[in-house]
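The structure that follows is given in the form of structure tokens.
Which chain is which? They are A, B, C and D, in the order written, and residues in each are numbered from 1.
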């Protein structure tokens, strides 16, 4: 066969199977997203629609890779947690990493126009990394780390942009004003100077977005109704124990819990619509 | 600081720096592209425009990552060769792999509408892998392996689809007809039954696409003209020595060679236009 | 400095730090020990003194590396378990592996003459491997695997060598006689033909040797006595729960338990003597 | 089968095959050999016999592992170079590393009494590491680095111990005397104060020991004589080109060269005697 003389090069590929029985976390990060946000005129300190594009991409990843039990997004990053015993792609690190990164990127670009007015002016790029966590405690601490990060950053950014956009300070002046302040100082500043109670700002900005696989049941539906599976975006505290008591499926043997809602948000609407469409296509054939 | 209790999880990230002084090859592969090609009605056996989307994505990757000295694309795959002594992203494997995969994916989606009539019906996904080659001979053999692969596949596919589309055979009949045939048999079949000289078919289908970093000089330009740097797609044999004699910059100390053309193809036109636009923007500021 | 031109080669060493928070098991195996046992006329099926040399080497390793919480030896192999949170040698895999292998080998050769009549006729050689276990259950299963292995092999070997040495069968005849038999068959054979109750054979042969770090207290000592720390060889079942209830220090926060004995065996005697000697030397200075 | 429930733990072992077509260097280092040297009263600055023990261990390693083409020892370290295309132990890193480390250690302990008066007072221990070098130039630079190291250290130590042992300086005084001096200063000091021409000191101290696989031919033998293969210790400069011109078998296709000697040193004598003994044993059978 014509190829055989060169085929030995295939043997240079190295095995990169991940140790069994550990949590596999893949975190995606925007490359130079500061510049990207400016080029696309993102609102400051948070652009709701830009975050919705991130969430749409996160949901697409979880729809594609069934062994992801939780997604967590904030700012220009998204973390995905594969269940400990996943055998997806034989746990090969490069396969897992590149598929998740590619699917996220692809969905980000495709979802863009659904949420943003302005077209993409150039190709966004994300990096990805794999981190392994042996124990449940490690995994919770990882997620707590990311959520503590969004808290610290968002409180700062909220104060910073208020000072710049409403009080007319320069960036440098605002920076100096905030240097060395504690959380409580910034809360106070927001309340005293701008009449803002930080804790009443949108939870998505303060807590980031947690994606869980749930059976969605409309409040109006019959109690017996099993609902339809979907990736549900929620914006809660995940540092305390309450979250983990409520969503035991994450760390336990994986059975999607029930999620009762009054009405569907745009993300859920789209997923359910897509599912119905697929079934219709199958029915046609 | 609020995060500190959880920050230890950062230490679970593992070092994945690549051995110095080896060729780093990253190969991108379409995930389930057989299905993707059908869903988007790609022409058989080759869809010129779909290949152009791949090439556009390959060019975008090489524009972004300056240490890639050669790209090679065929079918739904693309290989990128980083120079041996690159220190891009400190040679960290996950960074290199995920950035290249993400940039390729992003550019694929963004370039789609420039070449294809039909819109993307769902998000395409690519996987990526890193393979290391210590010697120049290994690297050449790798590229030869991929080009031998396109030769074998394309000859087969060309014969197969002629039998199906023009002689009216079913897929199974065509398969049986070709089972056990040698290259010479398929060449003969194409010539005798369809009047086709395989070697005169478009080189892009038979040889794939090689991307090189060159100074593009128009034939009409003054000889002294230095030209403008661009990623040049060429469709040549790279298995023989001729190619390597002509493009010594690939294995040698990297200095982009000169590339003289009569006229610009679409890929080159776009790159040069983009460059002019950028300079104009800079000039304005 | 004279070296500097070449010193870049140091940067080719790659980081091999082990993931935090997993059990690190290092298993040492004799290289071609079948031949080695014959060359040194080991008794069949078990040579008590040869096993004592292995145990002496195992004890020496645990005396040197304080973060090993358990050793387990059988036949020509020895496993060492480092506590999950060890930071010995910064968890660098090659350091841990090579030190343990070297210390084991060195001590094996040095202990040889203390137990064996016949001198070493050539240098014994061991290989080593590192295996990581994320959960306590994984670790227990690993040790159970090794102890189940010694059970299966020793029962077979005991029956085999009885048939060969006492019933005068050839090796091949003995093999045929035992082919396809279950444990119960072999137990029965030993009892019926040789009057042997397998369960009363020395525990070291049937269960292997577990090394634990304990405070050794002589029965005759005062109850209040804290005893002296030593590596204690015991020969118990470690597959059931009883062992783990009794030695909670292994999986828990490491505090050596108490070990009450009537009299010291040779292994303990030597360790305690060495400790006294060291103290005497220090006192002298 | 009894073991099966636990056997899954075997799947936790990870593949560690080394990239093909690179030089594999394993370097062994004594653990706390400063203390070991003092405890065994090594002569300062060089103990010829202690170096002979190292060399005996190095030779034993090369006798055992046929794919090692060169050994290089100095002070308490030894490097072994496996040929680029070795498939020994399937290139598995842990196997290679642990076997070489174990064989070295074992032979060190067993060779001790052949060269040293004083018995071993405790078990010596070595660590080992694997470093990969893609090009011949890298490999030469690695070896040059180690030889430059012995030069710098030995010149310093020679001067230091002369000052301490003959001029009666304290260690600290000698240190201060040498601080900031260049090689030429130390050469001068040795010559002026002690009448020593550094370049005439034993080559083993100044250049370390290179082990090569050669056919040993006695000067007195017939020219046609093929000689007997052995590991030959030589003490030459390997930084310059001369060495590599003379021993082309190292980097080239491996064919042991010829080594003509007037008489056998102790190391060669032992190897040849061992070979004759083995043949005699085989002949007897």
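Here, a contact is a pair of C-beta atoms (placed from the backbone, for glycine too) under 8 Å apart; a residue touches a chain by one contact, two chains touch by 3 or more.
Note that the structure is a prediction, hence the values are computed from the model and not measured.
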Same or different for chain A and chain B, when you check if over half of the residue numbers at their contact belong to both copies?
same
More Cb-Cb contact pairs, comparing A-D against B-D, go to B-D
Farthest from chain B by Cα centre, which chain is it? Let me know.
C
Report, in whole Å, the distance between the mean C-alpha point of chain A and the mean C-alpha point of chain B.
31
For the pair chain A and chain D, the C-alpha centroid-to-centroid distance in angstrom is 55
Centre to centre, by mean C-alpha position, how many angstrom separate chain B and chain D?
48
Provide the list of chain D residues touching at least two other chains, using ranges where the numbers run on.
12, 14, 19-21, 132-133, 138
Contact footprint of chain A on chain D as seen in their complex
11-12, 14-15, 17, 19-21
Once bound in the complex, which stretches of chain A touch chain C?
19-22, 132-135, 138
Could you list, by residue number, the parts of chain C that touch chain D in their complex?
1-3, 5-10, 12-14, 28, 31, 60, 64, 94-95, 97-99, 101-110, 120, 123-133, 138, 141-142, 144-145, 148-149, 151-152, 183
